[in-house]
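The following pair of complexes shares a single chain, chain A, combined with chain B in the former and chain C in the latter.
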Partner chain A sequence: MNRSWIMRGAPGRWMLALGFFTVASVVLIIPLIVGVLWSLVDPDAGWFPPAIVPPSLSLANWRAMLAVPEIGQAFAMSFLIAPIVTALCAALALPTGYALGRRQLRARRTIELLVLAPIILPGIVLATGLGSMFIRLGLSHTVAGVVLVQTVVLLPFMIRIVAATFEGVPQDLIDAARNLGASPWPLARDVLIPLVRPGLFAGGLFTFIGSLEEFVLTFIVGMPYVQTLPVLLWAYLGGRSSIFTYAAVVTMVLLVPTIILMFVAERTLKQEYLAAGFGKV
Partner chain B sequence: MARLELRDITKRFGRVAAADRVSVEVADGEFLTLLGPSGCGKTTTLRIIAGLVDPDEGEVLLDGVAVQHLPAHRRQTAMVFQSYALFPHMTVSENIGFGLRMRALSADLIRQRVGEALALVELEGLSDRYPRQLSGGQQQRVAVARAIVTRPKVLLFDEPLSNLDAKLRERLRLELRALQQRLGVTTVYVTHDQAEALALSDRVAVMFGGKVVEIGTPRQVYRTPRARVTAEFLGVTNFLDGQVAAVADGHCIVQTPLGMVEADAGLGVRMGEVVTLSFRPEDVRIGRYEGTAVTGRVLHASYLGSVTDYVVESGGITLRVHEAGGAARAPGEEITITLPATAAIVRGG
Partner chain C sequence: MTGLALVLPPFFLLVFFILVPAAEAVLDTLRVERGGQIVYSLVRYAEMLRTISLRRSVVFTILVTLASVGVTFALAYALALYLRFSKGWVSTLLGALFIIPLFIPTVIASFAMVTFLEHHGYVATLLHTIGVEDTPSLVFNATGIVLTEVWASIPFATLVLLAGLQGIDDALIDSARDVGAGALRTFLAVVLPLNTVATVITMSLLFIGILGSFTIPYLVGGNAPQMMSVVMTNYFTNYLRPDISVALAALSFVIAALAGAAYVGGVSHRERGAV
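Take a look at the complex of A and B:
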């Protein structure tokens, strides 16, 4: 009895923690360290196998990158587009999520499929299709075009999360509010929206980060005038010769705000809300 | 305060008639309970009164005025939900004040009325807590306070005590009844617990399969049920078939295999008619008394604390008999039992 508890309980937990740590270090921590190292590589010395760490470090890459206006512009562009896309997605996802989550729609399955199509379709298929459409509509090379195209691909995720949150609101709470005299607008303002706010936050966070990281469509629609951080990153990595050092700097510029955002969000939101919101996606 | 009337209320969900021509009148200040098994349509009926469900047919009248076209938020009913349905993002006092805010009362008045309601349910110290920080019993009181604070015309309860333990349930039952009488508010209460229904109500409406089969005072539905299902649902009962041998001013004598039993003849029984009698285990006495006494054998005995529950066989018929007191009779023992002085005639399958 006692033994089996030890066997099952404690080592199980340890294994889980160990597994989690391994995965986290492979996908997060090690790339992060490598990225930091690359951005600090001394351009005169370089970094070649089999050296595990660069032979000497310097801030030369940072200085070089921050000296050109490109990176600042890309940064501004990224952080201009992301909030707009997030706000647009939130505004569109709220009513759609409500309809999908709370209404007994006859065409619900079809609508769901349509809304989710951008998630299901392979990204590159979507990208070429949407890209050529946007070009024909004259929306290419504009910030508005990039905002729109990002909204199209990110909205389904937002709707998913918001709809799931709406679905999770107990009917009794809505009935109770109506019973206590809440007409539709106060019902939405005082009960429904506060109850789905965690889902809206979680979805907003996803959307914001998704917008920061979106590359394919931003590239196709925005090129060459709208340059966000990922597009700039590609410029350093996509050519014949990959400039790892500069790319690493751009990555840091992209990554650090994202991580800060995650931390802030995690602190603002209650952990349980995050878990609930993410768990249903 | 108001008089509530349901007229031929029908609501179907697909093939199921959740409410089937339900007609009930609730007098001003009366406490009426809808009692019935799970799925019989109690909640549906209650939600129709609140306007949360639209009936397919029939009318809901408040003080004689049809209200079924009014949306839920204008019905002036207040409901206490089985789940309590407290708003998780609001404190206790915000929850209680919700209905008042919706009615756009002044902040001062809201504070005062919330304070009164908190005092009424004895929760003064907890006004700033969130629902998740309360025990089940406290949540229940908040739900009650939130309902009564709006001074509704009709108070509706949907199994408000079913999530509480037995002891607390009994205490809150008494408190609810006292509160309702103090406020004098017309009340419809839904439960599937017969003891709760008997203890709380002025009248009990017994529902089966969407239909109200019987309405009466707790004594009437328990002592002299008219429907077989009522007798069965309201606790343990004995059924005994027999033939009417004599009828005289409201009473009749029924010849049963165990002997003559007097019964209430309110339903217009005819001479020679075959009827089913119903009587409670506690109406059968062990020993020879005035009335029809027969001998029988104890098949099974279970000690329930306040009474001992016996299964007794007599002339091929088994009866349930409850005896108070300490006497213990073993299975196999021969005993004499006296049939009740009066029984109820019940109808229906």
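Take a look at the complex of A and C:
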């Protein structure tokens, strides 16, 4: 009870809690519900103010959008690229996270600053520099190019989260395994990797979602042949026109997998590996 | 030495694909052809700073970024304090709710905010039904950018601040109360100073992220003034002046690097055992 020092008296506390809850749900949830409603607007009836909800609902927009082959292709593209990027980031971040988390490195500060670079540099600097380099290397407009550019920008988060997890592994366990004669590879496979699995999972999830969401670099490197869901969404909202109803459908197609991932992640996120990852350079 | 070998693959990847191209792009902005010869000069930067719309964009970007950081920070701090010091189902539920925007792609968040805040959008419609006829324009201007940036940044800021608050020993707070400190006094004299590192990290990363963000200002912002990232893209693709675009990006990088320095300082402060 002494933890509630911040609020005095029961009624005040309830008011504050209720206020917070109302504001949070209005701000967080209702824009998304409005988005769902937009995807279900009946094109014959439309949805005009001052109607609070659309006068009639239909699946016409969904049928229209799902009949367009590009949405299926974009969906497949997004879910082809995301797992590859996640696996690549995990493979690269595991050894680096171990070295940063458990070894005394002389070049540590330099490496940590370098890891921070993709976050500090504005996307356009990366895009212009990488653009000409990718054209020279023949990577522009290819899936490989998009995978590479997404891996580079998402790697820092993965490295930070994995390094923070490695730091939390008790040295006793490593020493015990070594005393029992474990050589480096069994040590990594049977001791270290299982111990950092939660961090790896949190980082992997973050990377996966980051890959699904990544837009600017995918757009610049992949255009016009590699089209992921955000790129397609962009076409419906920013570029050609702003077709709310179609955009809402693409939104839902992209949103459902992320919401499912969110429920999967619930437990991992509570352990605050994500926060720990951000807190380290 | 094996430690260094473990770090090498990402090291080369980052040097080759981040540092080299970025340095090349910035060097390009300094190269000018004069009388058939390539010389290094700052003419592009001078041109950039002479252009009124670009100057205005720089000021606008900094103001919008500072406003977004300020609002996000205030809300996230309140939320983190509540989650740290309050128990019960409301707190648990909020703890699950506030994470949501982390999982919403920014393109979607911007789209949702536009439909929500537009002149004839959901908020205006709701206000209309309760008799408010005139809703100010909440989107396609600075207000829209700030609101959407805040919405998208709250989970990250709350996560980091909450992690910092979790590290504060309850005993310190109890002892402050025992000597008669009220809630505000306890917050100002105990909680806030003990959470400095998380505060610096949150603020600098928020600043860098919002300063460089493109999708939100492009979709939710107005026609003029625009944020630097949007202007860069316009110069790059529409006006076919990639040189000015990269010069502007270099300026934005310098501003971001200042915040980056604060971040690195904050983290090493903690590593020295200050907290």
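By definition in this document, the second predicted complex is superposed on the first by the 226 of 281 C-alpha atoms of A that agree within 3 Å, B and C clash if a C-alpha of one lies under 4 Å from a C-alpha of the other, contacts with A are read in each partner's own complex, and residues count from 1 in each chain.
Note that in this section contacts are C-beta pairs under 8 Å (C-beta built on N, C-alpha and C of every residue); 3 or more make two chains touch, one makes a residue touch a chain.
Only a predicted model underlies this, so the values are computations on that prediction, with no experimental measurement involved.
Contact with neither chain B nor chain C is seen for A:A67 once the two complexes are overlaid on the shared chain. Using the contact criterion defined above for the overlaid structures, shared-chain residue A:L195 touches chain B, although it does not reach chain C. Of the two partner chains placed around the shared chain by superposition, chain B is the only one that A:S183 touches, whereas chain C remains out of contact. Once the two complexes are laid over each other on the shared chain, residue contacts for A:T258 go to chain C alone; chain B is not touched.
Once chain A of one complex is fitted onto chain A of the other, the partner contacts of A:D172 are limited to chain B, with no touch recorded for chain C. Number of chain A residues touched is higher for C, counting chain B against chain C.
Listing the residues of chain C that touch chain A in their complex gives 3-4, 6-7, 9-11, 13-15, 17-26, 79, 81-82, 85-88, 90-91, 93-94, 96-113, 115-116, 120, 122, 124-126, 128-129, 151, 156, 159-160, 162-164, 166, 170, 173-174, 177, 183, 186-187, 197-198, 201, 205, 208-209, 211-212, 214-215, 218-219, 228-229, 232-233, 236, 242, 245-246, 249-250, 252-253, 256-257, 260, 263-264, 267, 270. The touching residues of chain B, when paired with chain A in their complex, are 47, 50-52, 71-75, 77-79, 81-83, 85-89, 98-99, 101-103, 146, 150. By the touch rule above, chain A contacts chain B in their complex via residues 170, 172-173, 175-183, 186-187, 190-191, 194-195. Only residues 2-8, 13, 16-18, 20-21, 24-25, 27-32, 34-35, 38, 48-52, 92-93, 95-96, 98-100, 103-105, 107, 111-130, 132-133, 148-149, 151-152, 155, 159, 209, 212-213, 215-216, 230, 233-234, 237-238, 244, 247-248, 251, 254-255, 258-259, 261-262, 266, 269, 272, 274-276, 278-281 of chain A touch chain C when the two sit together in their complex.
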